[in-house]
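First chain written, first letter: the chains are A, B and C, and each begins at residue 1.
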Amino acid sequence: MVLDKGMGLGETRDLLDLAGGYVDLIKISFGSSALYPPEVLRRKLALIREYGVGTCPGGTLLEVALFQGVLDRYLGWAEKCGFTWLEVSDGTIEMPQTARSTCIRLAVRHGFRVVSEVGKKDSHQRLDPAGVGRQARSDLDEGAVKVIVEARESGRGVGIYGDDGQVKHDDLEEIVSFLPDPRVIMWEAPLKNQQEALIRRFGPNVNLGNIQPGEVIALESLRVGLRSDTLKTCLPKKEGER
Amino acid sequence: MVLDKGMGLGETRDLLDLAGGYVDLIKISFGSSALYPPEVLRRKLALIREYGVGTCPGGTLLEVALFQGVLDRYLGWAEKCGFTWLEVSDGTIEMPQTARSTCIRLAVRHGFRVVSEVGKKDSHQRLDPAGVGRQARSDLDEGAVKVIVEARESGRGVGIYGDDGQVKHDDLEEIVSFLPDPRVIMWEAPLKNQQEALIRRFGPNVNLGNIQPGEVIALESLRVGLRSDTLKTCLPKKEGER
Amino acid sequence: MVLDKGMGLGETRDLLDLAGGYVDLIKISFGSSALYPPEVLRRKLALIREYGVGTCPGGTLLEVALFQGVLDRYLGWAEKCGFTWLEVSDGTIEMPQTARSTCIRLAVRHGFRVVSEVGKKDSHQRLDPAGVGRQARSDLDEGAVKVIVEARESGRGVGIYGDDGQVKHDDLEEIVSFLPDPRVIMWEAPLKNQQEALIRRFGPNVNLGNIQPGEVIALESLRVGLRSDTLKTCLPKKEGER
């Protein structure tokens, strides 16, 4: 999942021609899709669809719509724009479980593939791994196809990452212990050390999110062992090395 | 104001199609416009003009021209290239007040919209907020339409920002105390926490500068409350929250 | 030398039109060229060739080929793709001197301009400046036209740079003491302070590598004194300044 903070049409086509085969989903970040000239947004989403790649607005936009009590109009708007996925999150607002369930089910009924997001954007709220694991499981039961674990654009001091951006492995393991299959999770992982750690833990096909457009090919190199950091683990160890 | 460190023609068109409506001015940074193939520069400035967006060379180029005693030729060159704004700064060279006044007046007479810049690029020189406030006022009297407060590309340890990039609010308030209206200031604010702090202080229409091209839509989301950081301030507080 | 982590065709053309005259070599980083759609790679390399700029795959790809025992096929593939330069490195794998010599000679015989790379990517292995100097000299004797000193994409805690990204001047001087002419070296220098330090030490034409595409014009400004950091050294000193 690529985090798109405002690619123009030319840059979008460049990315798709070069690396579209390595991308499942492009997230038009935050509420920014509401700020595009409508015709530019329509053409951009149509272009991405041509390459078989999914698109969704950032979860913040749904949170605004929900807070304003216009969820139905939001779903209609997203459909008309040409989005094919929808994100359901509560990163900023408080959302009771019943509202969350309703959002997921309604979006599924509208024909969207739904990703839910778990975890708060606020770095002062410590992650509750068991709560995240249970929420993920519940979202899948409601119809979500994947669950994103929040890490923002920075990847520091949020979710499963410490202030230094390192993975907190105990938290990560506790989250997946609640799930039948860890592949239902899409880990936001904007930093290279995070991508590397998650590839080592879950294998080269792990779902990673908040990837910058210019990093897609570099990440694919990391996945398949064509970059030093993962290549060296394929090599025979020398004596004395662990 | 977007800091343009070398956008090509395609990228420029992408930015303008998507977000041109949110940009007032594109600054071709430092002296880099002197290094463009002339035909590429001419076409780029003409393209930006079509979208109703202003352009200026970085102030460093005027400083070089002044130091070399070729100010007149510089103004003629900038006009011929198609620049519509001009920046008058003394970020690197020493410039007596009389020279500064002459630059501003001459540029205005040539038909440019003039932005002056206050503050030194050298992080060893502590900001003098009263001096900056008085200089800003004087520049406006000479004909500048806006005054930029320097923060370089990094936004750390320079101007109103500490080494950690946080806003020094006392310095900021002292600067604006010298001005009839804070809206005459354009704050260079390359970091998100700076943009957020200035939006909170001066409202969503505050003039911000040194924005990266790829961040224009993200900043606009921040301005209008479509990004978590500013959205949460629109929400009702829970008990116990400040 | 530009480090290309995945520029599309439009972005590549943008860079070449604007700044192609300031670029000698574009390195398609790591093993990423193996992940391009072949037709996109072919067109991209042909486009770059039109502008008289060289291209090479990252050294990691040659290391993989050598490790798999398919060096000959690798050279044939690189030729067919349209690469004009080739990098020989041992940043990740262990490579005996005889294998290194063979790689350089074979690549030269295939008609490539060869750059070798010295230094390990692993930040735990301290740089051995004398070893690097001797290796560089030997590589040149084998036919390399330039020798790259490794600094990765980060430029921190690797090669001649400390963990803070500052240049270790003693190590640098020891390396060049082994060489007839320091201009045979291409210093990877992703950070601005590194570029500035090397320009001060070796002059504006020093070979610098791992430059981001969007930084080419900014670096050229730094080289020629059209950016504050190097401009100020051209100015007369005030009393009391060093």
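The definition used in the following text is that a residue touches a chain if its C-beta (ideal position, glycine included) is under 8 Å from a C-beta of that chain, and two chains touch if they have at least 3 such contacts.
Because the structure is a prediction, the values reported are computed rather than measured.
**Q** To lay subunit A over its twin subunit B by CA atoms, how big a turn is needed, in degrees to the nearest 5?
**A** 120
**Q** With touch defined as above, tell me whether subunit A and subunit C contact each other through largely the same residue numbers, more than half shared, or through different ones.
**A** different
**Q** Based only on mean CA positions, could you tell me how far subunit A sits from subunit C in angstrom?
**A** The computed centroid separation for subunit A versus subunit C comes out at 34 Å.
**Q** So which bits of subunit A are touching at least two other chains?
**A** Answer for subunit A, listing residues that touch two or more other chains: 10-11.
**Q** Sort out for me which residues of subunit C touch subunit B in the complex.
**A** So the residues of subunit C touching subunit B come out as 10-11, 13-15, 17-19, 21-22, 214-218, 220-221, 224-228, 231-232, 235, 238.
**Q** Could you pull out which subunit B residues touch subunit C in their complex?
**A** Its residues touching subunit C are 5-11, 29-32, 34-37, 40, 60-61, 63-64, 67, 91-94, 121-122.
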